[in-house]
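First up is the structure itself, then whatever we jot down about it.
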Amino acid sequence: MPIKTFRQAIIEALDSEMARDPGVFLIGEDVAGGTGCEGEIDAWGSPFGQSKGLYGKYGPMRVVDATLTEGAFTALGLGAATQGMRPVVDLMFNDFFSTSADQVVNQIPKQHFLFGGQDKAPMVIKANHGAGVGAGAQHSQALHSIFTYFAGLKVVMPSNAYDCKGLLIQAIRDDSPVIFLEPKLLMDSTADVPDEAYTIPFGEAEYITEGDDVTIVALGYMVTIAQKAAAALAKQGIEVELLDLRTTSPLDLDTIVESLEKTGRLVIVDEGSPRCGFASDVAAHVTAAAFEHLKAAPKMVTAPFTQIGFAPAYEQAYIPSPERVEAAVKEVMGE
Amino acid sequence: MIPYSHEMLTTAYYRMSLIRIFEDRLHVEFQTGDIPGFIHLYAGQEACAVGCTAHFKKGDWLLGTHRAHGPCLATGADPTATMAEIYGREGGLCHGRGGTAHLHCRETGYFGAQSGVGSGVGIANGLGFSAKSRGETPKIAALVGDAAFNQGIVQESLNLAAVMKLPVVTVVENNGYGQATGSGWALAGGSAALRAKGFSIPGVSVDGADFFAVYDAMGEAFSRAERGEGNSIVEVNIKRFHGHFEGEAQSYRAKDEIEDLRANHDCLKNFRERVTAEGWMTDSEIDALDGKAQAAVDQAHAIVKQAPPVTADDMFDHVFSSAY
Amino acid sequence: MSGIKPINLPKWGMNMQEGKLVEWLAEEGEEISEGDEIIEIESEKIVNVMEASISGKLRRQCGQIGETYPVGQLLAVVADDDVSDAEIDAFIKDHEASFAKVLQEREAAGTGPTIATVGGRAIEYAAAGDGQPATVFIHGIGGQKEAWLISQNAAAELGQTVAIDLPGHGGSAKSVEVGDLDELAGYVLGVMDELGIGSAHLVGHSLGAVIASHIARHHPDRAKSAFLIAAAGPGTIVSPAFIEAFGKAESRGEVKKAMMPLFVDKSMVTRDLVQAVLKTKRIEGANACLQKIGEASGTQLSGLDPMETLRAIKTPVSIVWGAEDEVCSLENTKGLPDSVKLTVFDGAGHMVQIEKMAEVNDLLLDHIRAAD
């Protein structure tokens, strides 16, 4: 099976769906790049190259460079979606949802509900996610929990290139609006990725490792962090069962509970805020659902309650590390 | 040679009359406490919405604002289903999900308002993009108030539509007020249409008490869009007869303003004067249409008053469009 | 540095790239002899035991449990007592340096899958060994060529071997024309043609066995013999409940449940195995393809008598079956012609070649040698 990067997986998913359905189009700033300029068109293929080559294949009505107006082009996406098209709106950084907040939180999740089911909004809003590249406080946030809050949105974040392609294809085909988050630090990661199209259903967690001692739950780049911790713990004789949740909405609570029936101990690793964040959400719901299986209170390993400073030391301190995860596991094991 | 078809004239007048009677009726009924929430009435502005939809056939779209009753009825939506939605009773257009501000009628081409005012101008670009992608030419008009016109989303979307040459018309309903703030002050430059120049697109200002002025301006704008030349602004000036929302103290208005409006700036009266003077229609024809409209409103009210209130049994329906 | 001998991660099968260290069976300081079991290694979701090819004192364990290493990685060092620790350290360092170069070269060379185009479709295969006699491995529904790794490795010592992915599986195209036995046999023969294999010993599991018997009957010049696992000829009865559940299963939980009947030891339905099946099933067209094959080469043939096919085969046939097979019941072996050698294993189910791997491999090698 061919080995491809996360970035290539995104391109292949877009390509496959654009070929299959003429209603699929990509819109965002510089998704082609070069519009209105005198150099190359498709100069960028998105700021991180995740759509390179698609403009040449599909042209300006399918790979649409927008003006610097997140609100306007997200609204355009919504309107087109109600007419049967399947827009993929690229917000670039998940932090930028703020400039299209009315669309993303007030309009899109409600389009189907507000009008009694007359309309659908089958669109994908995608953006990159997380810290680690020195982009500063306003370009490095992990906002998946914010989107999860709104009933009507599905929220997806792959942890590897294989999942990325399958989940993005699923997102484009889904009739509900989907927020698709691309962890920055995974862009160059590789995995076996089939050439053909395939889908991965939402709400299905994947077992990354199996073990009897403790359950670790993670998502996106945190899966990589947790994998490192699990490897270190294995050498110390602690067997970790690592679950990659893949989607925060819907959430695969059943698999977490199934795992806790075996281990009784839970550590949640999340790059988001310790307040009103995804870790708190999982901890509360799991405790309610599986209290009788818990041998200890769930431990949350999250970012600290601060902002992400620019200097590398700030970032290092912000992103949960394998060492912090190891420590949390030992705490929950009572060591 | 009559420049307007008889069918268009009768449908247009009927709809304007229906809106007037419907809204004036709700003004009275609201005071009984039967209608939940707030309502925003359109009386006085009928020619604006109907001046757009008089051009429509199936597949064309009017995107509305929270002042939704008039524009929704202007597309030909059923008055009973519209009233039921406003009352939160069974049989409403949106199963009681949207209510007065979020009426939506896909069938007749009325696209409901979303939250942030001005949202329709943004969403209209999506309808325009979709049409352009498919090589179709539906008429697409997005209503926005004079105050909402200042919203970022509106200015962003005018710009985007202009550079992409999208086939949409932004119809600014300049009724002189943003809630209780006068647009004479709030709208820098004094006229929304003037800003069109900044985008290099056409912008005209017309008297909203004159149906034909609105109709003709909209005709031009739709033709331009159809020719592939892109978007434009039509500003329709007419003050509303009621308050921003029902129950508010209209103390910000000059004392006899509303009397003056009803006497001298009534689009229904002006329409009647014009068509009878030109010999396009007779008074009795128009009276009959008034009667028909009155009957429709009476019937709607009678049905809706008896209809059961919407229950919460289906509150999880329509949250997701697919399996969750 | 004479007297210091390395133990490296072995290559079992042409396509093996890496293996995971599961368990040490020999400790530091232990004297080992050639043939001793020393390390448990997992590759392609199968755990196998590495035997020592040298004797001496195991001085240093270099690999970590749970880690995955590339083929050729230094896992242990064997040396006499008179060799110092410092010398062993130096040996390890040297090895690392030269091995790093080997890895670089491997990267540069690339490792693409081997694909033959047969009937306009891509058929992926894995080849190992050379010379006569040739052996061809055909998996069953939901399977993949990698599952044959150990068996293929064993047969590769005798001659050329090739394991194919049927359409709808692994790296092969996810479509078929009609999916009947003639078509499926055609893909097997096409790959044999591509490799210049005139005739071969055909080893098949489940549907693969039915295909093998079909070829042996209708193309006797291509089949030296048939080694059939958990199925006889066309008309072998497959549990309809299994087919339905497997076909319908979409989520991980559903697939895991549907695969339970395959093994006696249910713990063998591992996460990795379920993942592999899920990944195949989720590819566009795969499910429909599997359904077509299941019908055209399975359910639609239920009226046929498998013994009729077996009687018509002229070349040697051996059949292996698990006594507790819940998918293709042992009842299917009633009425076997006397010429067919049947071996039944207690405590094994439909995946008898996994559950009794060593024994089945021995039988296979005996079968090939005898048939030749």
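We call the chains A, B and C, going by the order they appear; numbering starts again at 1 in every chain.
By our rule, contacts are C-beta pairs under 8 Å (C-beta built on N, C-alpha and C of every residue); 3 or more make two chains touch, one makes a residue touch a chain.
Just so it is clear, the model here is predicted, and its values are computed rather than measured.
Asker: Can you tell me how the remaining chains group up by touch if subunit A is left out?
Answerer: Result with subunit A masked: B | C.
Asker: For the interfaces A-C and A-B, which has the higher count of C-beta pairs in contact?
Answerer: The greater number of contacts lies at A-B.
Asker: So how far apart, in whole Å, are subunit B and subunit C when each is placed at the average of its C-alpha atoms?
Answerer: Centres of subunit B and subunit C (C-alpha means) sit 70 Å apart.
Asker: Measuring centre to centre with CA averages, how many angstrom lie between subunit A and subunit C?
Answerer: Measuring from centre to centre gives 36 Å for this pair.
Asker: Just curious, how far off is subunit B from subunit A if you go by their C-alpha centres, in Å?
Answerer: Taking the average C-alpha coordinate of subunit A and of subunit B, the gap between them is 40 Å.
Asker: Would you please write down the residue numbers of subunit C that are in contact with two or more other chains?
Answerer: Not one residue in subunit C touches at least two other chains.
Asker: Give the residues of subunit B touching no fewer than two other chains, as numbers and ranges.
Answerer: Expected reply: no residues.
Asker: Okay, in this complex, where on subunit C does subunit A touch?
Answerer: Residues 64-67, 112-113, 171, 174, 250-253, 271, 275, 279, 282-286.
Asker: What part of subunit A is in contact with subunit C in the complex they form?
Answerer: Touch list, subunit A to subunit C: 1-2, 162, 166, 194, 196-201, 204, 206-207, 210, 231, 234-235, 254-255.
Asker: Can you list the residues on subunit B that touch subunit A in the complex?
Answerer: Answer in residue numbers: 92-98, 102, 104-106, 111-112, 114-116, 119, 122-133, 152-153, 156-157, 159-160, 163, 317-322, 324.
Asker: Please output the residues of subunit A touching subunit B within their complex, sorted ascending.
Answerer: Listed in rising order, the residues are 23, 25, 61, 64, 66-67, 69, 71-85, 87, 102-103, 106-107, 110-122, 151-152, 154, 174-176, 203, 250.
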